[in-house]
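For reference, the structures are reproduced in the following blocks.
The following pair of complexes shares a single chain, subunit A, combined with subunit B in the former and subunit C in the latter.
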Partner chain A sequence: MTSPVRPWKRPPTLVRDPRWRRVLQVGIVLYLLLALGSVHVDWLRVWEGLERGQRFVLGFLQPDFTSRWNDIQKGLVESLTMTVTATVAGIALSVPIGIGAARNLVSRPVYLACRFVIAVSRALQEIIVAIFMVAMFGFGPFAGFLTLVFGSVGFLSKLLADDIEEIDEAQTEAIRATGASWWQVVHYAVQPQVLPRLIGLSLYRLDINFRESAVIGIVGAGGIGATLNTAIDRYEYDSAGAILLLIIGIVLVVEYSSSYLRKFLQ
Partner chain B sequence: MLEIRSLSKTYPTGHEALRSVSLSVPEGQLLGLIGPSGAGKSTLLRCINRLVEPTDGSVLLEGRDLTGLSTGELRRHRRRIGMIFQEYSLVERLTVMENVLSGRLGYLPFWRTYLRRFPQTDIDRAYHLLDRVGLGDRANQRADALSGGQRQRVGIARALSQEPELLLVDEPTASLDPRTSRQIMRLLTEICAERHLPAIVNLHDVPLAQQFMHRIVGLRAGEIVFDDAPTALTEKALTGIYGEEDWKSMRQEDEEAADSEADAQRRLKEIAGR
Partner chain C sequence: MNPETAPAHAGPRTWTHRSARLRLLLWLGWLALVALCVFCWRVMTADTMWIFVADAPRQAADIGSRMLPPRWSYLPELLGPLWDTINIATLGTIGGVLLAIPVALLAARNTTPSRHFLRPVALFLIVASRSINSLIWALLLVAMIGPGLLAGIVAIALRSIGFVGKLLYEAIEEVEQSQVEAVRATGASGAQVLTYGIVPQVLPAFWSISVFRWDINIRESTVLGLVGAGGIGLKLQASLNVLAWPQVTLILLLILATVLLSEWVSARVRRALI
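Our next item is the complex of A and B:
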């Protein structure tokens, strides 16, 4: 009563022909080898760099919070202010733009215009925007604030618009059938469906904005990034280490509290 | 009184969903719309309140043509037509009360509905309707906390809070079990009788249509092929509406369902008798 052995193998899905598969595999390995060969490494420079890296790590191990505490405190407060105000302003701008960029709610010209705004905002990286803003409005946190608002709008509007495009149309249809106006449809049928996710996204953006505020400070847009940049320029790696530890700590706190809040709200 | 005159709808894909349909529904009449899927039943309902724009023809409600109304006027006329949906189409994250009150959106300005400042008469009416459909104690629960039958009751209350002159009902029982289906149909017919309200009801369940409707209209490929009393709905007429193949398989499915239900009843009795 032994049944014959019936082997099974998962049938190939992407490339059916075994010869083509072989050619692709060999091709990929070959390309990787050639690509690696084209990277030039100056081993002497790496050796020198290791020494600096060591000083950096040592600074990290003995962080100095005290000698530059005034600067650090000022930078932190600036960064946090920038983060919160930019997130709030970003949300305020993103909601109308996000609604305008949802194909199922607005006419074609409005849709295209709002999608264009989003595309511009997403195409430009924060650092580039920050350099531009610093050039226009001078050094300091105001340029940083504008940069973060600009970035938040692209991020939040796009995700909000995509979310609105995926709502349950049956609910919208039912509200429209009662004779509701466009604003009432948005408020009664669309908002309840997307609000929890909008809150989640906003908290996530708050978190991103704080990290970004540390980065854009390096190009002169104020905040803790500026303090960090100064510390590194002065070879004060112990102060820099302290700043980095503080940034990590704050990001962790924001991360945990926002994920707790999101869970609580959904 | 609703009058539909040679209504046609051709979708952008070229699909002719309705071909010159004419129909008039007098006050208090329950009209059952039957036909195979894709016959244009849903399109016909949605052309009446212009959730779907008809290509040609006219829809007259109490003598007023609804096709060709401007957006603002359309809003004032839409509120006179209540609609009940297959999947209930409640706003899931709003409370039962908010869903019922949303039937008043067509009557109120945006700022009032935005601040949830509904007139006391609307709130009284909503409570009254919730009591009528048997959900008086659920006003502050979220719609997604209710069962299918309860949700459909909220859907009915929402449509009635519009104080409609006509009800459009799209497959009200398609997502419900047989027993709840009957309860919902009974509630609908009672309410229409109380208010002398005409209704057009899409139904895929022929026995249900025969039991509850005053008049049956059969739609096939966008055209009316039957229009008579439920008693006139013979084997031959049904074959005409659904086509030989479909009707046979539908009847077979019905028989199988009835058989399996009878079987389940018998076994339940056996267990009870033990």
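Our next item is the complex of A and C:
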């Protein structure tokens, strides 16, 4: 008797029907073949580029902070000031919109209007908003500031509204039972429950805004991105490496200090 | 200092939420914040041409009137670039996820082979990839390997390492140790502990993270063309350069539809996974 011992195999969990599994597998392979086929690569160009890539890696390892320091400093100051002002303005705008977008606090028309604002702000990428802001307000950090405010409003209001919708209703009811007005309910029942998280979200948004401010400069909205773009266009990889290291360093500092602050506040 | 021990020299004691010192500190903090904000505003707007800002409503109305109606006949020309965009996002996600798995294994405290040497390296890779936007990666790669889809795919992949790596290593660190120990107690080797003890526990999280990242990548790959990395962004850049606003409107609508669709797909898949 040599009955073969079938080793145990975990039954599939996601797609149970074997026919559907086969169709899915064939479909995925077919898609990958088609997708890979549509990528035309000029390998000669890539080969030539490798040498430049090597120079970039070298520039990253031996960054040149000094020869373009004036431009770098100007870009950094623009980015940092843009980040701070845009975050503060974004918070100031997103608190009323966030309250307005919480279903348990406001009437239906207000809720729908605020949710619409949030949806518009979240649907458009920052870089596209930046293109329009530059077209309307001219080049420079002011357009970048408006772009970041626009993005912050969508992000912060949505998370704040979702947070308010999930608060403990018992506390709201208790405050309301004392005969409190709508403002008093917001102040004494809602605010204490969502404030710690709002502070955490704001610090997180500060971090995102700085990272975004490094990008929107590419389309002319000021900040370190413009400097970086120029450095790469001139093939000055050592300066570009210096800028990227500065961005990474600042993001690290902001991230660690904000996580420390969040722990301290909660 | 709690209210009980507070000096009571002003008649009947009233309960306050914070002590006087804390309130003072709080006010000073607010003052510093406002001062910082005003200072930053002044520095930032030092070179702003207010004449352009004042002109903005007129400019907005002008652009708005030029943008409508969208030029629908441009749609067939956009389908090719749209296909490219989706390919950039999908292939980039696959590449990024494949690169992120080893990085996550090196970064997780319970699977890393060396806690003092390799783990910091992996963490630095994750932070570097996360702090640099995919557009900047694309800018670098276009300068290096030339414009085209490949630059976009590599940019998306490099950017995805950080996101997927971070979430994946957190998932690995949170696995239930008793299962890992049980597998190890059977005399399993390191690789076997990984495949039978850890992988089954993080697999749902892994798929969910990958699909989530794919959704974000669709969003990001639509604009990569602005710096020459292929896809529908190239058409956007071309239309913006010749101020063909009706075409811009159509491209933006198409991007919006694609993003909404990918968001819906990813939400459905993730709900099925969890």
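We take it that the second predicted complex is superposed on the first by the 224 of 266 C-alpha atoms of A that agree within 3 Å, B and C clash if a C-alpha of one lies under 4 Å from a C-alpha of the other, contacts with A are read in each partner's own complex, and residues count from 1 in each chain.
Note that a contact is a pair of C-beta atoms (placed from the backbone, for glycine too) under 8 Å apart; a residue touches a chain by one contact, two chains touch by 3 or more.
None of these values were measured; they are calculated from a predicted model.
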Subunit B versus subunit C as contact partner of A:Gln184, first or second or both or neither: first
Contacts of A:Val88 with subunit B and subunit C, given as first, second, both or neither: second
Touching partner for A:Arg19 - first (subunit B), second (subunit C), both, neither: neither
Touching partner for A:Glu212 - first (subunit B), second (subunit C), both, neither: second
Greater subunit A contact set [subunit C / subunit B]: C
First (subunit B), second (subunit C), both or neither touched by A:Arg108: neither
Which of subunit B and subunit C A:Lys263 touches, first, second, both or neither: neither
Subunit B versus subunit C as contact partner of A:Gln171, first or second or both or neither: first
Contact footprint of subunit B on subunit A as seen in their complex: 168, 170-171, 173-181, 183-184, 187-189, 192-193, 195-196
Contact set on subunit C toward subunit A in their complex: 33, 36-37, 40-41, 43-45, 47-49, 52-53, 56, 59-60, 63, 83-84, 87, 90-91, 127-128, 130-133, 135-136, 139-140, 143-146, 148-150, 153, 200, 219-220, 222-223, 226-227, 236, 240, 252, 255-256, 259-260, 272-273
List of subunit B residues in touch with subunit A within their complex: 49, 51, 75-79, 81, 83, 85, 87, 89-94, 98, 102-107, 110, 113-114, 155, 158, 162
Touch list for subunit A against partner subunit C, complex: 10, 14, 31, 35-36, 38-42, 45-46, 49-50, 52-53, 56, 77-78, 80-82, 84-85, 88, 123-125, 127-128, 131-132, 135-138, 140-142, 145, 211-212, 214-215, 218-219, 225, 228-229, 232-233, 235, 240, 244, 247-248, 251-252, 255
